[in-house]
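To keep things simple, chains are lettered A, B, C and D as they appear, and every chain counts its residues starting from 1.
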């Protein structure tokens, strides 16, 4: 069935390629990448290394860093994985603002020098890599899971489904966009000094589960955040929402949750009805 | 230590803030030439001020202003200091310090009002 | 002295399969200590990138039925799937969907509040359960958050496993490097589950995360376990240029068209009935043929491609159901899919092959299970249907987690001993062999050459001569004198980790090529130009590859056929 | 064996390494108007508290009789003293006006509702209402300062 056509199916022919190459070369330019270097275990001092990296229209800061790592200095420490802004690994301070390296195109940054530093508010492990343990612990402290006596399905033969209208989903969906990249945590001024403050990411998750109508732990969720270093240490600086790459808007969730804490907002959440599904046999 | 929930403290913070806004407004209006009919500097003369203090309504106003702003302001300070360092000694120290400072200031201000009332 | 940790159940990998296994093991017994070891932090696994959906039969009252899901899966696999396994998948997956719903998964809903489903390639009913176009991400989030409920699940984040420990026939643990400190650590356990995911980074043009390297497969292979069906690599029709980031099949499920440079919906000539929603192997081949016939576009990088047109779906629908795709298009391709067609090209997307397991996910080593994309329990045969992989991860994550926990309960009081010899050998391999190895070639350059080779010579269409050539070159690169590690620090030494990954990439690429050469037929995702048709007489069987010092040794393994006799696939 | 309980207390151990610290409080740039509002609210709050304490002490000279009071007035009713007072007027106006805005927003009013964010994302909580609130507070403060200056310096 399959026609016997030229196997070189991947990049057509070479001549064609070369012509294109030269065309691209003409709009290719070079940027200067300044990378923060420090290994706390081997001395306190830090410095910046400078690299010249060729870039194209679609080159991201992550691409540029990986080019530097692969061909100029293998020892740059950097954390990355998905390269499509969905894993949250590559947060760093790029030209002064916390951003995802894979989500920041070189062409979006006006300057010709790109400075990469580790995320502030996270302890530095090495170079651009920071320690997220505190951050994850803060998330965990919010009990980010559904509290509901029926959360675990016990009887595999009688499956139930919670009835949730698209509207119900919309109440919490935005907060569940969070990829735990920590950008908000590093932009927030309260986190800058308060180590026990959960930070915008964790508080947004507190709101996410609070607003989910499958969850019935409404009061205990409020109690978790209503502490000395809890939700009230947010002063609506809004920087979390400014830097969030996923549109989570943690500032919104936090303020809404506070409305419930001072009982200014009415809580009209009704627990979702759970309906049994009939199942046929194979 | 004070057994208030943080949300209750913050409610007090907000309410005292807004209430303070009203009393301060009155306090300042009374000083304004449009209201008093005299130039600002004149309204500050000793006799005028003492007369003000001896007006009971005004003294009550002053006292509530003193209390409201002290509560609001020192709680604000407490918030800032709490965020500054986190360990038990510091945290308890901050609470005690701001409470004591608040009470001291209120007491000191109240003394002025009371004595001014007794001034001939 | 090497530090030794011990747990009751060890799970390598924190993707969908790994997290599902952890929860399921934890709920068997509160007193078991369970460790999830991963070379990335918990929510960074490649599974978060899965976009389109999870296949399950939910609406039997509306005409769907499980029989049909089973048959679609088997037909999609070009009859290389083990039919009992496909049946197991289909019968268990509805439970997983509802269970996720109970744990907080934001499934997209119908207006009456029930879980919604969308069309997907190769199915005869819309049965891809979706949550916008971020299914994998939400599933990961739900599972991770639910893991946090269990006090006995411990996360060892950013620990890079290097080998499997055994005492000949029984599993004994893993060796790992804690990346933060660079310490070499032995983790002992009586039960283990390998969930290291796919190996798509053996290709350069790939939808996979950079972390999807074949370390897990390589560990099993080096330990003498078989890798099954490695020649079957799925190429997804729509990867964007130049990054290879995926445009989900859900985009076509929602009604997107593929067009060639004459503006024609060419799929009508290749799959008149299913059009763009034919299985991926069919669509990818059609696309390459269009390109070869000169009907492709040329992307500004000079790479040939076709276009995927979504503009007729309308802005509101796209924003609601394909928001992620739109974002990806704008950001990484400079195209808003609401306004313009986006350039796409077949891209390495899934490995049907993996560590050989049976229907329960057991490997050939007692005490060791394998689940998810790393496993080959033969659900997918020669070609996986979209949305069936996350299903597989969930189902076998659950199955293996339970089994491993029960096994660990029985073995709890036994003392686990790890032979000193094994550990010393492993230390030698990584420290003397990799860390201190000397040479002059930049390993990153080698990696690039390997990937380019696979991209051009083991792509959608393959042929004997090029495969032979590729194999020769891969072996050369494998033997070349790599510079190994420039970076000599202990702390977070990614250079070191990268070289270990590249090492496994070279070995696994070789297996893919050997398998592809050996299979002289065209079946599913494996299309040979020199053997253009399926050959059920000689090749209706699985390939097994075993480690030898010289290279993989191949054996055959029968396909389990229960009810459905192989027929020609037409879509 | 590392136990989970130990993992859990990480952040109680007061780790401050690489925290931005006071720099985060004191640098209002980079993040937009809400950050400026945060910065100003805090600075004006502290400033007002200091002034308030000073003011209570200042007025207490009343109890020591007319001479003490006049001596105090002498000290404060200078050009610098007036400028300082104008600053107090400005800061208290801003702090109060912005404080009222914060009172609403910090309890979830006027922010909009969570919903599906569309790319490119613009957070609803940082909406126009918030920004205009901040601007109004600034304008009010400026007006109050002008008015105050008028009164204070007119008296001389």
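Worth pointing out:
One rule holds in what follows: contacts are C-beta pairs under 8 Å (C-beta built on N, C-alpha and C of every residue); 3 or more make two chains touch, one makes a residue touch a chain.
Just so we're clear, the structure is a prediction, and the values are computed from it rather than from any experiment.
Listed here as common contacts of subunit B and subunit D: A. Interface comparison, A-C against A-B: more C-beta pairs in contact at A-C. Chain A has its Cα centroid nearest to the centroid of all protein Cα atoms in the structure.
Chain centres here are Cα means. That of subunit A falls 23 Å from that of subunit C.
The geometric centre of subunit A is 45 Å away from that of subunit B, both derived from CA atoms.
The centroid of the Cα atoms in subunit B and the matching centroid in subunit C are 67 Å apart.
Averaged C-alpha coordinates give centres for subunit A and subunit D that are 31 Å from one another. Residue positions 7, 14, 42, 107, 116, 118-119 of subunit D are each in touch with at least two other chains. Taken residue by residue, subunit C touches two or more other chains at 327, 331, whereas all remaining positions touch fewer. Residues of subunit A found to touch two or more other chains are 140, 172-173, 193, 195-196, 258, 262.
Here the touching chains pair up as A-B, A-C, A-D, B-D, C-D.
Every residue of subunit A that touches subunit D in the complex is listed here, in rising order: 96-97, 118, 120-124, 130, 133-134, 137-138, 140, 170-175, 177, 186-189, 191-193, 195-196, 211, 235-239, 241-249, 251-253, 255-260, 262, 264-265.
Only residues 190, 193-197, 226-230, 232-233, 258, 261-262 of subunit A touch subunit B when the two sit together in their complex.
Residues 5-7, 9-11, 79, 82-86, 91 of subunit B are the ones that touch subunit A when the two sit in their complex. Across the interface of their complex, subunit A is touched by residues 7-8, 10-12, 14-25, 30-35, 37-38, 41-42, 102, 105-109, 111-112, 114-119, 121, 123-126, 130 of subunit D.
Partner subunit D is touched in their complex by these residues of subunit B: 14, 17-18, 21, 24, 32-33, 39-41, 44, 46, 49-50, 53, 66, 69-70, 73-74, 76-77, 80, 86-87, 105, 108-109, 111-112, 115-116, 119.
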